[in-house]
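Have a look at the structure that comes next, please.
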Amino acid sequence: MDFDLSDDQRLLKDSVDRLMAETYGFEQRRAHMAQPDGWSRGSWAQFAELGLLGVTLPEAQGGFGGGLVEAMLVADAFGRSLVVEPYFAHAVLCAGLLRHAAEASVQDEMLPVLAAGESLFAFAHHERAARHCLSHVETTARLGEAGFVLEGRKSLVLHGDCADRLIVSARLSGGMRETNGIALFLVDAAATERRGYATQDGLRAAEITLDGVIAEVVLGLDAWPGLSRAVDEASAFLCAEAVGAMDALLALTVEYMKTRRQFGRAIGEFQVLQHRAVDMQVQLELARSMALYATMMAADPDEETRSRAISAARVQIGRSLRHVSEEAIQLHGGIGMTMEYRAGHYLKRLAMIEKSFGDTEAHLDRLAAMGTAW
Amino acid sequence: MDLSFTAEERAFREELRDIFHTEIPERIRGKLRHGLHASRQDQVEAQRILNARGLAVPNWPVEWGGQDWSPVQHYIWQEELQLACVPHPLSFNCTMVGPVIAQFGSLAQKQRFLARAANLDDWWCQGFSEPNAGSDLASLRTTARRDGDDWVIDGQKTWTTLGQYADWIFVLARTDPAAKKQEGISFLLVDLTTPGITMRPIQTIDGGREVNEVFFDGVRVPGENLVGEVNRGWDYAKFLLGNERTGIARIGITKARVRRIRELAEQEWDGDRRLIDDPGFRRKLASLEVELKALEMTQLRVVAAERQLEKGKPNPMSSVLKIRGSELQQASTALMMDVMGPYVAPFFDEHEIEFGNEPPPGPADAATAAPQYFNMRKVSIYGGSNEIQRAILAKAVLGF
Amino acid sequence: MDFDLSDDQRLLKDSVDRLMAETYGFEQRRAHMAQPDGWSRGSWAQFAELGLLGVTLPEAQGGFGGGLVEAMLVADAFGRSLVVEPYFAHAVLCAGLLRHAAEASVQDEMLPVLAAGESLFAFAHHERAARHCLSHVETTARLGEAGFVLEGRKSLVLHGDCADRLIVSARLSGGMRETNGIALFLVDAAATERRGYATQDGLRAAEITLDGVIAEVVLGLDAWPGLSRAVDEASAFLCAEAVGAMDALLALTVEYMKTRRQFGRAIGEFQVLQHRAVDMQVQLELARSMALYATMMAADPDEETRSRAISAARVQIGRSLRHVSEEAIQLHGGIGMTMEYRAGHYLKRLAMIEKSFGDTEAHLDRLAAMGTAW
Amino acid sequence: MDLSFTAEERAFREELRDIFHTEIPERIRGKLRHGLHASRQDQVEAQRILNARGLAVPNWPVEWGGQDWSPVQHYIWQEELQLACVPHPLSFNCTMVGPVIAQFGSLAQKQRFLARAANLDDWWCQGFSEPNAGSDLASLRTTARRDGDDWVIDGQKTWTTLGQYADWIFVLARTDPAAKKQEGISFLLVDLTTPGITMRPIQTIDGGREVNEVFFDGVRVPGENLVGEVNRGWDYAKFLLGNERTGIARIGITKARVRRIRELAEQEWDGDRRLIDDPGFRRKLASLEVELKALEMTQLRVVAAERQLEKGKPNPMSSVLKIRGSELQQASTALMMDVMGPYVAPFFDEHEIEFGNEPPPGPADAATAAPQYFNMRKVSIYGGSNEIQRAILAKAVLGF
């Protein structure tokens, strides 16, 4: 049992932290968001150069050769800096899907492209009536003369607006929520109809219509095991990102409390407010513990063991982030309500994380349905 | 002891409900129901309809357009207004500066300002908070110094809600720099077209532009614009802030939102089950409804006790209403987020929502769910933060 | 709309409060509990004399002629003083059952007896597998030669150990949780087998076996409507009793905070503790509001309207009492953990109220199942 | 970074589990599992079995019977002890006075007391708190004055747990009345058979007799019973209180209780459905299990960090463990009450439960559910109340 970083991991952490310190201040972030895509191609190139886009990919395929701990370090740093580039969609979700659901030959072809960041990948999966059910797929795939033909509508496709390639889930057989019968395809994004928009936390997404689109590549015809694993890994990433954001937000809040004066003294001198900050710290530590747990369990190939751990982590982190972010705004007062100050941006990102790939209630339902055993 | 309303009170409620539903355009009320904001024009239109019926400023003295209503009638008016999603008559005019002028202003001020405020011919905004005077309002630094008959104001105000729409601002300024904290403050009425005023919008985290900073740089205000006596402004401000005894919890607004949550959950499918049929969701909804009922009953107790209280004397129980009222406003927006699930994410500004070619993706009202949740964080901060309310209760009720 | 007491109600309240002040101090209560039945026959006679045993019964039947508001006033006072006499079982539950489920002729005969307190009544209803389901009845009644013959086991019969007469629910027909087919009978307690015991809050109860017992009187053969109404009224009583207890407990706590000194000052000077007491006050006020609501709605003859109101009140009061009683002990510190001090006794009574006739979760389930409409 | 235990650690765990299950009588462990208390005899029997195996005082110096274990091994020992429902070696002996004597005592004291404490030949109890010195322990008033070679103690102690079983008491007493608060206090070992000591039991709200008041009236203690230096007792007390770094959260006990809750919910019928199949109950149980897992992971982080901390220096994170550990002990007893439903009500004292002719009515363990819930209110009060823990965190971690 060991929570220490290896030397290589420490090096990685240092270099990501340094990149963030140099390129991702509050004003710099605003400038990134003002660029045409809503994010910075320059930052993207830097991520690629540092090896971050392939952080979990094997070196043989252009990756950094890291694992989920390395991804966690990136997540933590990106959470602190509120990174808006399509890292999560591309380098977490799609990298995981390719790794866990695609044939080896496809991986050999695609992973280097992904790691280099030349072509932008997004995961077109969610559908309107899915709510928090990951296996909900109504989009159909049927084998035509030119290959698989996809029909359906995908929704809330993170960074789908600017993606070059889409990994699309579609149903070959089975009822709309069955895990069997789900396949994954690679599709040229330009062949789809897209409606892009911003999200509350400053990222981008799209509604995507597949109207007889021909799949470029078949990733896997029985894709559920890989899909579910990739999404669980992505949840672990979100947990770590949330912890990074909460940690930074708590530090910001405590600092503010030490400087902001009301009634003739720093508000941090009021015992009531001190204890409120302590309760935030407690929630943060519980979340941090569970983010570590999620990271270490997300690689478990047994779906039930893994899902239980991930859902447990998401429940704790969902509660912690709600508590920490709401209290942070309250302790700041009016300034926390403005876009000109960092705190509100954390609130927004954290609230959106809570709703990604199953909200707290949905994960608790999943645990309750399983019956827990640990 | 009887919880039911009298036949007269019920008839009064019906009458108001009828007016609100038939006379205030659905175009305006629908916006509020869907979580959008009324525009300046909407606000003016609605308030003028109410004012024509004597329903804009019932809390004012009768001679200046108010109504001789019982506390219960005031309560019913407010609740029906909120349930019908009618924009509340502008609070800066109707519950803030209007009552202060009516109580403490000169006859000339009353004649000049009151009718126009009631009809929203003048749009007022508030100049109280400053960057270093938030919860601790008495530490304000904006000064007004005498220069001949005029006052000259220098300083900065902030969190001025809807200042961008306003014609006038009422300002607390320090007129005796030597006096102790709460003393030496005066209450001044300032025409926003006066030279030396700059208004800078502050974008809030819901994406809206609701508040502003206001800079005063040698702003010259005629002496007749001082309300009441010089250096007595703190008393008027306290009167103003303590004025809204029962409305502060905004229970009607939360009730309307909870109704809307139920409607939307009945329409929202989770696979082949409606969300409203999810037992976990039903329990959460029922739980919120219980909390709201408990708050409503508490408000009725406060309303009923009002008869026995000295007029104008604040009831410390209104701090309970403020604390729980803001918590439930927040809880209801969080539950609305639950209804929307992942569709809270897309961001569309209000103009796009109203006038875009295509509605935002997801359930109806999805695009306003997160902004409302973000925006409602403010209600436990402003109007005396919930921590301040607890301090009031600790002292006034528990005797600490 | 009016929350004021009438002059008569105020008189009643004053006389009950005076009785409590004179006869129900902490040491006096201990003495009452040390008597052979576990409660005081002397207090019982005083309750009868003041008309409290028939407070909700018509004057024509020996009652005080009051309604649920009068009952609420008694409940509040008894909650403050932690009364241990069988008032709830006898004068609330059984009086309500007789009023709402018995024939007029039976009422004429029994209510004066009940109001005089000569014969002690208890309600033998709960069964082992019922949990919080009020309509769960497995005890059977069949018509024999000498009348109805009852077979079954009743459990947690409040003050069943010392009751003279038992009102017993038994099933004539239907499944074990159906509301149809439940009848109520009056049974001579001596004809049953009883195992008495104390309860956590210092009351008494019994397990009762009905082994071919012949019913003395048939109260009603279709008893559910009356039973359900009587129990809803009893819940309203418990709500008011809980509010009385919470109010007294908060006052006790605040007083303690003003006198107990640690770190050189009264602990009530610590801001953190002040705000905790304020949060107790808020919970108390919400509970008080809902106890009033329950009192005023408990007379509603429409079962759904009434049950919704009662369950809503029970949910709020269940949450409030948990919060207030736990915080009261915490703010007291060690002294609150001892039987020599009042606070712990309130904790115990309040915890038992929460589990009587449906706990908070069960009432929330009932509301959720109904779909709410108010 | 690796969450798994090494093969050696797993083998160590198996070995301990085996010992605990096979050597500690089920008669004793079953009591704890069902929420009953170990008797004095049970406690002595269990501890002697452990001590014979070297498992009673592993935290002591090796020369006095301790083990040269890693923090992880200590953690495993504690967890397995708790999961197996083995009575914890008496904390007054093993984590309190023993380590103090081992660290600060004279050689004579060590030789006289340590082996007997480890084997529970002497039963120790604690004389720290006083009626006016609870959270503010340093304001204690009990005095010990020098008289020849002896010390003479006068004063009153309270909350002395299991004092009725004890042979000896360790006492903090003021030896320099002129010194400032924390200074001038000494640490004395007192034979309870000494004349002038009166022990009065205090009944607690669970119905048990767990704590006592102890009165000292001119109690004469030989000079050799002073531990360490005179007037340095506060340092030893701090050492003692900071000693239990990882055990304070009692996660193993809560885990065992949660397992028992699941077992009982599987046996409990609600009409014709088992309680465990109630979705609302399952969600509550799952929720508690999540919170417990989060706490367990936090404890593992603290254990892992222990290697890097200076020996004996308290980790402020242990305050997080104390706060959440006590909250979850309380939450688990509340959930146990939920399982029992109305059957929490019957009161049977432990003697009746163990030896009565008939079991108490209702589900297994029903009779101990409410007493445990009541009793566990103490865990957020004693050992430094949760408010004190928050004050520690505010200062040590957040820098306020």
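We call the chains A, B, C and D, going by the order they appear; numbering starts again at 1 in every chain.
One rule holds for everything that comes next: a contact is a pair of C-beta atoms (placed from the backbone, for glycine too) under 8 Å apart; a residue touches a chain by one contact, two chains touch by 3 or more.
Since this is a predicted model, take the numbers as computed values, not measurements.
> Which chain's centre, taken as the mean of its Cα atoms, is farthest from the centre of chain A?
C
> Quick check: more C-beta contact pairs in B-D or A-D?
When A-D is set beside B-D, the one with more contacts is A-D.
> Compute the distance, rounded to whole Å, between the mean C-alpha positions of chain B and chain D.
53
> Report the inter-centroid distance (CA atoms only) between chain A and chain D in whole Å.
Inter-chain centre distance comes to 43 Å.
> State, to the nearest whole Å, the distance from the C-alpha centre of chain C to the C-alpha centre of chain D.
38
> Residue numbers in chain B touching 2 or more other chains?
Residues 279-280, 283, 387, 390.
> On chain C, where are the residues touching two or more other chains?
Residues 270, 272, 275, 364-365 of chain C touch two or more partner chains.
> Chain B touches which residues of chain D in the complex?
279-280, 283
> Please give the residue numbers of chain D that touch chain C in the complex, ascending.
Spelled out, the residues of chain D in touch with chain C are 129, 132, 134-136, 139, 158-159, 202-205, 207, 211, 268-272, 275, 280-281, 284, 330, 334, 337-338, 341-348, 358, 360-362, 370-371, 373-374, 377-378, 380-382, 385-387, 390.
> Spell out the part of chain A that touches chain B in their complex, as residue ranges.
Counting only chain A, the residues touching chain B are 126, 128-133, 136, 155-156, 176-177, 195, 197-201, 205, 207, 261-264, 272-273, 322, 326, 329-330, 333-334, 336-340, 344-345, 347-348, 351-352, 355-356, 359, 361, 364-365.
> Considering only the defined contacts, which chain A positions touch chain D in the complex?
Those residues of chain A that touch chain D are 1-6, 9, 69, 254, 257-258, 268-269, 274-275, 277-279, 281-282, 285-290, 292-293, 295-297, 312, 315-316, 364-365, 367-369, 371-372, 374.
> Write out the stretch or stretches of chain B touching chain C in their complex.
Residue positions touching the partner: 1-6, 9, 72, 276, 279, 282-283, 285-287, 289-291, 293-295, 297-298, 300-301, 303-305, 317, 320, 323-324, 387, 390-391, 393-394, 397-400.
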